[in-house]
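The same chain A turns up in both complexes below, where it pairs with chain B and then with chain C.
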Partner chain A sequence: MSAPSPTKAPAEDRAAEHGGPEEPRRPKGPGSSAVGRPHAAWALPGVLFFTFFAVVPMGLAFYLSFTAWDGLGDPRPVGLDNWRKLLDDDRMVQSLWLTVLLTAASWVFQTVIALLLGVWAAGRQRNRAILSAVFFVPFLLSSTAIALLFYALLDPNFGIIRENILGSSNGAFLAIVFIGAWQFIPFHTLIYQGGARQIPEVLYQAAAIDGAGRYRQFFSITLPQLRHTITTSTVLLVVGSLTYFETVLILTKGGPGTDTAILPYLMYEAGFKSYDFGYASAIASFLVLTATGLSLVLVRLTGFGHMRSTREGM
Partner chain B sequence: MSHDTLPRPRPPKTEERPPVPPVPPRRRHWTKRANPLAGLGSVVWLAVVLVPIYAMLSASLTSQDKALTGNPLSPPTSPTLDNYNTVLNSGFGHLLSNTAIVAVSVVAIVLGLSLPLAYVAVRTRNRWSGLAFRLFLLGVAIPAQAVVVPLYLLIAKLDLYDSLLAVILPTAAFAMPVSVLVLVGTLRDVSEELYEAMALDGASPQRMLFQLAVPMAKGGISTVVIFSALQAWNGFLFPLIFTQSDGPRVLTLGLFNYVSQFGVNIPALLASVVLSGVPIFAVYLVARRALIGGLMGVGGK
Partner chain C sequence: MESISGRSNGGQPTGGGLGGRTFSRRWVLGAGATTLLTTGLTACGSSDGSGGGSETIDAFTYGDDAVKVQAAAVDRFNKSAAAKSAKGKVKLVKVPGADYTAKLRTAMGSPSAPDVFFNWGGGSIRAYQEAKQLLDLTDTIEGDPVLKNGFLPAVLAAGDLGGRHYGVPMRGMQPVILFYNKAVFAEHKLQPPTTWDELQGINAKLKAAGITPFALGGADTWTELMWLEYLVDRIGGPEVFAKIQAGDSSAWGDPAVLKAAETIKELIDDDVFGSKFSSVSYVNGGAPAVFAKGKAAMHLMGSWEYSTQLGKFPSFAKKNLGWCAFPTVEGGTGDIRNVVGNPTNYWSVNARTQNKDAAIAFLKDCASQTYAKALVANGDIPTTAGAAELLDASPNPQFAKFQYEMVEKAPAFTLSWDQALGADIATPMLTEINKLFVGQSSPSEFVSALKELK
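Up next is the complex of A and B:
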């Protein structure tokens, strides 16, 4: 990640020079002009709040993973027991594999469709604007509502397809991939639409003059120009698909058997069904390590840290 | 790390309008030719989006015995609002008002804390403000699932278990990272010269925040408001784990409970899903521009 504000320095120097005789009387550190700048303490309430409810719990999860705790009384230290159990647990291996598979399938499915839809919708005809508005509707429903909707539509006695899809392992897995896509493709389409609109028109004009056709233009201009957008969307998608918890809980309860029990669901079961909060914390810590590891790799590889500047010029 | 090889034209700095590149409007010659394949694909996706929604609306208007015999894709023969009555009479208003309280409080907390934070991150040259910003950048990657056990411990120790606050506080905390990123993005676009001019006039940092930064960053602020409201409205995990009784129950959890309450009464279940979407859909119709503009900005690099 880069320094937070490389582009600001010159402007600040100017600010210092133009401060002129009206400079405030209070003593200043070397090279700083505090004129009209907020005190850093303004950030404190937000930082403290976020630290208390998000960062501290993350550390606490790690601590609890070395304890046994049934939700009552106080956690009791047990060393590496939970982690040993984690490594020996066959369900954990299956669950990790399922989580990876679900993330990969969701990425392929959602990225391809959202990219195509987004590039198409970036055109400015009226029908595209209206269609894009309709496309967005599923994103407005909550995951719970969407899971219930498909719970009804996939019901073997009531639904559209009168077969017990959720009763078969592959059927249940594909249903979860599809529902995730149904819900989140609208969001990613919008991201790609925004990205595609920022591609300079001159590139296409030049390509057209050179005789490049529509598909040539797509692969030689649109795709390469959208690489940052693809990254942004991918990071959000990967972190997001670690959380397909509602869908699994409502639709399949991890079943049939344990064939859709992804990591967050396994954690929920260990903690809030079996009251083994120490083990649940070990799974949770593993989830945090996976998620932060993944995002760090993605950030490093792609410069996602520049996300703050993506809205420039909006 | 990622230097753009091509200079991008910067669109004019208008606030609420969607980004319009500074080229005159009649320029998209290349899209004027029909693209049958893309057109077909978009119609197929339209069907994928609309068929479940249509099936839901139609089934919610059908009586239960008819729903079990008929095909959900055929239009309801004798539409009835009975299912909606059933849902509305089973405490739906209470769920709705709880959810509204959560959403409003979350938005207030998120905005109240993120705005000064983003302002400091953009305006202060303190090493700590840069660190604070990084904290939130990494915070985007913390999955709420992963910290729910320790949060449960914290909430219990704070004696907040089974209250609306137990839902509000963690939800607000987890809506902050994205909000800070969006606000920093918009505030960064307010030009330094304007701040300088105000500073020369002797304006205090507070005045600059409220009379310059806030008005200029209206687009980003509306995105944050809508985004955190949506997150609060749709949240499920925190209510599921931090509340128990009917008192602080929110909409999503109520929906979840309807599965057992209505059992096989699928039309009533679907009516409750429709009702839960109505308020958000109403907001969407009003605030579509702000929401879409804000989210689109994420992809434009």
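Up next is the complex of A and C:
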């Protein structure tokens, strides 16, 4: 299949729909065509829900970040106080660093394993299908259940690993990275499995004829063909890591000391423990801005936004 | 609030004023609560207006085993002549423990706030008082012989804010006690310590025998707080914290606080809590099990430790569980009879209540002998003035009497610091305490960090 053929027919349809053949026909890449798009009204329920349950609360949180509010009475405007505190707070600096570290460590750990597992699982043998289903199980469990399970396993007196893991800085941090990986690798594996199955068999056949071995095939075909899958998985992973929370709450409560107090936990503590909702809202707004910015940058840098076919130029 | 909701999150009983509950239940509660919190707070459970007309008042309480005492009191009150003359009835809203403080805060900020609500006194209600949501009960209590003489004065005073009463005691007392394993003490020919020097001697002997002197569930910061509370009291007397509680943050600079922090550092360097204490939890039963199995010889814990052990290790609780006061520290000014912990829980009244007469008539029931008897039957020690004679009916009269006398004779009862201070200060304070215990800050860094808290 080559790129022009799928675009041709839709472009004609579109012209017919608008009733204007005069419209200049520019060649369009797949995905950029407006054809067959449902009427805008269909989006209404989605837009309404998104407005009421995402945009409005986000706007409120942003507004609260300029107030002092302990949950009682009315919020009192304090201008930029919370944002200034955010910039001055030593804990915030540490928290940001921990969040970055957690995101980076999670990305390396999860991407490498999920990619290899996904490519492996893309094969069609029956045992792989069964194993893939088994791998997927952790993702189906609730984060709370997983955190409680590991809490029991890591108990220094009665658990499986009788070391001071959750009570030591590195141990607690690594435990959180590991548990996150245990929980989310199955999901990313599934994405990679899907991506790998889309790679045309002919590429491998041609490579085999050229004498490429399995490793060469992996690095020269599989990996480049999966680049958009990697982007998708990375965006999900980065945004997920930025908002990672339940495991920290249950397993370490930000401890020992403040060594696992990542941003979402700091936000929770400011809001629901100190009842300083203004400051908590500033942290929340900061998180939203960071996560949105980061995913935009990722999408831009990787060209994901263009939605080009991976098979382009084949 | 770290203290309150932190405890509640774990289903830990201090805050809740639980008496005897088992681990599994506490654990499950904690798990459920955490789920709720992470998925966002549910709306307030009360819905006045839909109930029995405007004269019915809502009472929020912490929903644990002891709630049956309050449920019975509500039934009794609703049928009483007092309810008729006040033209009001009480509807009890049992809030699952772990969600309690967050839910109360949400409700109090909304139109469907409770009329009467359970709390920990002191700092736990300061925000409500500052928002003018609390009824000042001082004149009511002073003018009513039943309420005025009904409770131990130290307990009534411990829940005060600025010398005014905002609460009526309504649950059992929870002093912090030094528990010890009688079998281990007998085997190594040890006596319960009365001074810090004696304690040091005991620690040395235990370590030589390969036994960790103290169990400590350091994964829960409030367990570490208990050490600091007693050490500051014994070294500098109750006045030191009283000043801090009154809002003087420079009082953290009192030499007693630094000395207490240094003492804690010595204990940790000396390994008296073992090397893994920061991973051990109280709420999941880790620390109590270490103690009951003789791996650790002592445990500084609230009075609920007795019922915890009774639930999990009944034969240990009955045969080998010993208790005594926290020892004095040489050169310190604190009286060995001084107590820290939670004196009890209180009912406070919302200033916006629709039926003040009914609310106050209901509170009077807590001073009654019937109410006290129900608490005793539940394993709790009432804080009513005449409770002493009821204690023979307790599941463990010996322990009940020890506790009652401990509190009755205490020259000072310091409310747990995290309850005494507002949440805005208590939360970072607990973080600093944890940093001290895990070695992230030195005693002097600890003191300067606390002085910054405002």
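To be clear about the criterion, the second predicted complex is superposed on the first by the 259 of 314 C-alpha atoms of A that agree within 3 Å, B and C clash if a C-alpha of one lies under 4 Å from a C-alpha of the other, contacts with A are read in each partner's own complex, and residues count from 1 in each chain.
Convention: a contact is a pair of C-beta atoms (placed from the backbone, for glycine too) under 8 Å apart; a residue touches a chain by one contact, two chains touch by 3 or more.
What you see is a predicted model; the values in this text were computed from it and never measured.
Of the two partner chains, chain B and chain C are each touched by A:S142.
In the superposition on chain A, contact is made by A:D276 with chain C only, not with chain B.
In the superposition on chain A, A:A133 makes contact with chain B only, not with chain C.
Of the two partner chains, chain C is the only one touched by A:P156; chain B is not. In the superposition on chain A, A:W42 makes contact with chain B only, not with chain C. More residues of chain A lie in touch with B than with the remaining chain of the pair chain B and chain C. By the touch criterion stated above, A:S233 is placed in contact with chain B alone, chain C being left untouched. In the superposed model, A:G167 makes contact with chain C only, not with chain B.
In the superposed model, A:V288 lies in contact with chain B only, and not with chain C. By the document's definition of touching, of the two partners only chain C reaches A:P256; chain B does not.
Touching of chain A by both chain B and chain C, each in its own complex, is seen for residues 71, 142-144, 148, 151-152, 155, 157-158, 245-246, 250, 272.
Per the touch definition, chain A reaches chain C in the complex via residues 70-73, 142-144, 148, 151-152, 154-158, 162-169, 245-246, 249-250, 253-259, 269, 272-276.
In the complex of the two chains, the chain C residues touching chain A come out as 1-2, 5-6, 9, 31, 34-35, 37-38, 41, 102, 105-106, 108-109, 127-128, 131, 133, 218-219, 221, 275-281, 284, 286, 289-290, 295, 423-424, 427-428, 431, 434-435, 438, 440-441.
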